[in-house]
């Protein structure tokens, strides 16, 4: 019996139509727009001035807080402007605009593909290297990795879990890197095991990626303590809490962190970034991006430099198809619809999807028939129909808190499964934000 | 420039809609419908047609002219109600009986609470009970199915008789031991399973109902919890009682296959709107239906009891929903 | 037969008496002593329970007023000065007259003025929309037109015109409780003095983008050019973050800014049609806006 998480989940069509598109290096761009907010937490502060010459790997943004990160130039050239620009949602974020001239890299970066396994650095040295390379969680949340790898002293990690589930439909960038660069990913895992001082690591991969499972299993033979776990295909397996439950059978209690059950979860792409940062001195300047959709003629996986405009990627991928109705950054279940195509990619941008009207337009809402499908689908064991009912009354935050709205991971299973097309998650999301505010306010008072 | 759509995640949706779920229920009812057409011919077609048309029409008129909202009969929920109501009536019911039942089921039980999803009681079962208490004579005028299987009372038009449950009940009331009642002890398991003597239009064949049940479960329209628990409860309870005194209490197989237990538990008790959301709640709900059914049959005035049991348990659903929460992720047991 | 009826009646009467006695004692025992003035004040209140005064409802307002030493800080926007003076009278206090206010939607980015750049397909709520992105136009600041203000209004005084796509206030119904302003995630709605005969001059735009960006996004946006600032003799207008704001405490309603504004982002409503003579003549009946730019708010 293949493992999976215990509660809820849905089975959307996985649409991995781009799984056979090998990762291509994206052609050079003319201008890079590098956002200063590529990580969770405080945006970085630009440390270059207009007119400065930068190389690939030059630090252009410095962290401004504990949960913040470095930002590096992904191209070489001249800083043209430092200005607020709209991100994919239209919100203004400080960007460093660089006019590209050639492709000159910082000297310390090892650009060869030679695999370097030996690592004699201490944990502190590794952590500072990871921090200086601006590594963030590439699973989507962009949480600064050095913070996650440095748990509080009183909490001991037991196992590292690498997330290779890629449970979102369409996306195949993780699948591709697991097939193309398995050894590098595992060296990254080995480095993390050293930092966390654990001797066990698991790589959780869903069963719909047999090639990735094969390549990772073959590579894992040389690594002590790393085990590839085949998981059933079920969304949202890639959710941190769900993955821990699926792989090691421990449930993170409400309001607690994975480290409280001794687990640290990292995406496989993050592991690759860590390998590159520690062994190759290469900061996060590019990432693999799936460009996929049924209305596209050719599916792609690109290695894209951070700061490439979405419109440019779509242009190179063959232009925007005629029947494209929605462009999504990230997967169809949790990704963000792109309102501004001129926005540039960020580190954690793993895919660009093009959905047709037929696939994506919401059907008209009808009455709740109390079928309970949302409650059965909720991986956190919540009752979305009830939360929605309370949210519509308005202001019932205490009741919402009692119903544990703050546990919602916004995976979208409830809305996906609702036969009446009720926008359950839309309302839950904003009310969750309100409840979180109230909870934080209360904690601050204490 | 092209205007793209922007919306909150998720960006894809499952293809299940209220309409497709209700459509599946209708498909699941098809075997029973075919069997009843086979046995009762045109009268079964007539009943179902009147039921479906009347329910849809009443819903349409109320939504259009009373509630002044966009009519939603295309979600097929009214059609399901009409179909179920018709299949719950004696096969030789007059046309106006179905009509009255439909108007009550949709107009009073469903729409007066606000329409689909708002009603407390299952409209079809409430409609049936309404007719049962209003027109007791008509509602107990059963016809013995004329069939290729049964050589005893074969006649093309069928013969009016009481249901086996009613016969058994009357016998018990008169003090006759059950073993001497032909309609009870003469009933073989084959008869009970494939078709039986007397009963509503839709519950002639247990096999057809079970086919519908399997279809619903395979299509994931319902979970098997409620029907299985109801049937198990009835089987265990009547098993115990009949073991104590087989002359006074009817047996488990007889109880399950007669009096609408299958029809009620598969199609009516599993109605989304009027059943609890969580598995735990559904078990309590179904257990309640089973117990009340058996109690009514053994100690109550009515020979069958499923309709009343379902209605009574319908009332408890909000309470069950309030107290039976799903298992939360990460909860320490 | 008669006996049964008599017995029943006797029983019921006895039960009634018993319960009334019990109720009487319970009521005595658990009586809540309340300042009688609270009831008086509450009866003066409009009873809308809108929360516009900042209290949980009319009863809560009455409680606080009675407990407070003076009338300062208390104002019922629904009842206005009339109610407040009655309350003050009932409590034997003095009260200052307050200028009546009205909610003003500072955006005229209608479908015609503001081109839609994408199509929103989610739950029709400004709050949900604002949490997701900056909106379906090139303007990041203006009215989203999904009607959170309409839901918040207890007085049916604000509506979304489906053909225009922005919120519009019905002045005759607006009581300036401020619920809409609180509900608007974009902060488009402001409470401004109603003005003499409902006459007001205001900048109907809060777009903080640079002029060129604003102009591209919306035909009637404030581009922060500062022409109005130069025209104003009363120092009432200031441009901050590329958007002008008219300070209503200083504005004398001369309307020079209105004439100067190149994008017609400044609105002067309820003024009589301007004749050749600029003298302010007492106008008959509420007149429509002067030279309606593009289109004037329906209700005004």
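So that you can tell them apart, the chains are marked A, B and C in the order they are listed, and the count of residues begins at 1 in each.
The rule we apply is simple: a residue touches a chain if its C-beta (ideal position, glycine included) is under 8 Å from a C-beta of that chain, and two chains touch if they have at least 3 such contacts.
Source: prediction; values computed, not measured.
S.K.: Between A-C and A-B, which chain pair is linked by more C-beta pairs in contact?
M.R.: Answer to which pair has more contacts is A-B.
S.K.: Using the mean of all protein Cα atoms as the middle point, what chain has its own Cα mean nearest that point?
M.R.: A
S.K.: Which chain's mean C-alpha position is the greatest distance from chain C's?
M.R.: Relative to chain C, the chain whose C-alpha centre sits farthest away is B.
S.K.: Report the inter-chain centroid distance for chain B and chain C in whole angstrom, where each centroid is the mean of the CA atoms.
M.R.: Roughly 54 Å separates the two chain centres.
S.K.: Find the geometric centre of each of chain A and chain C from their Cα atoms only, then give the gap between the two centres in Å, rounded to an integer.
M.R.: Centre-to-centre distance between chain A and chain C: 43 Å.
S.K.: Return the distance between the CA-based centres of chain A and chain B, expressed in whole Å.
M.R.: It comes to 49 Å between the two C-alpha centres.
S.K.: Chain B: which residues touch two or more other chains?
M.R.: 4-8
S.K.: Which positions in chain C touch two or more other chains at once?
M.R.: 117-118, 121-123, 128, 132-133, 136
S.K.: When you check chain A against every other chain, which residues touch at least two of them?
M.R.: Where chain A meets two or more other chains at a single residue, that happens at 336-337, 339, 360-362, 423, 426, 429.
S.K.: What part of chain B is in contact with chain A in the complex they form?
M.R.: 2, 4-14, 16-18, 20-21, 72, 75, 77, 115-118, 272-273, 276-278, 325-332
S.K.: Name, in rising order, each residue of chain B that touches chain C in their complex.
M.R.: Touch residues, chain B against chain C: 1, 3-8.
S.K.: Report the residues of chain A in contact with chain C in the complex, numbered from low to high.
M.R.: Residues of chain A touching chain C: 86, 89-92, 336-337, 339, 360-362, 394, 423, 426-427, 429-430, 433.
S.K.: Flag every residue of chain A that touches chain B in the complex, lowest number first.
M.R.: It comes out as residues 6-7, 10, 12, 169, 241, 245, 251-254, 256, 320, 324-328, 330, 332-339, 341, 353, 355, 357, 359-363, 366-373, 375-376, 378-383, 385, 404, 407, 410, 412, 415-417, 419-421, 423, 425-426, 429.
S.K.: Going by the contact rule set out above, which residues of chain C touch chain B in the complex?
M.R.: 116-123, 128, 132-133, 136
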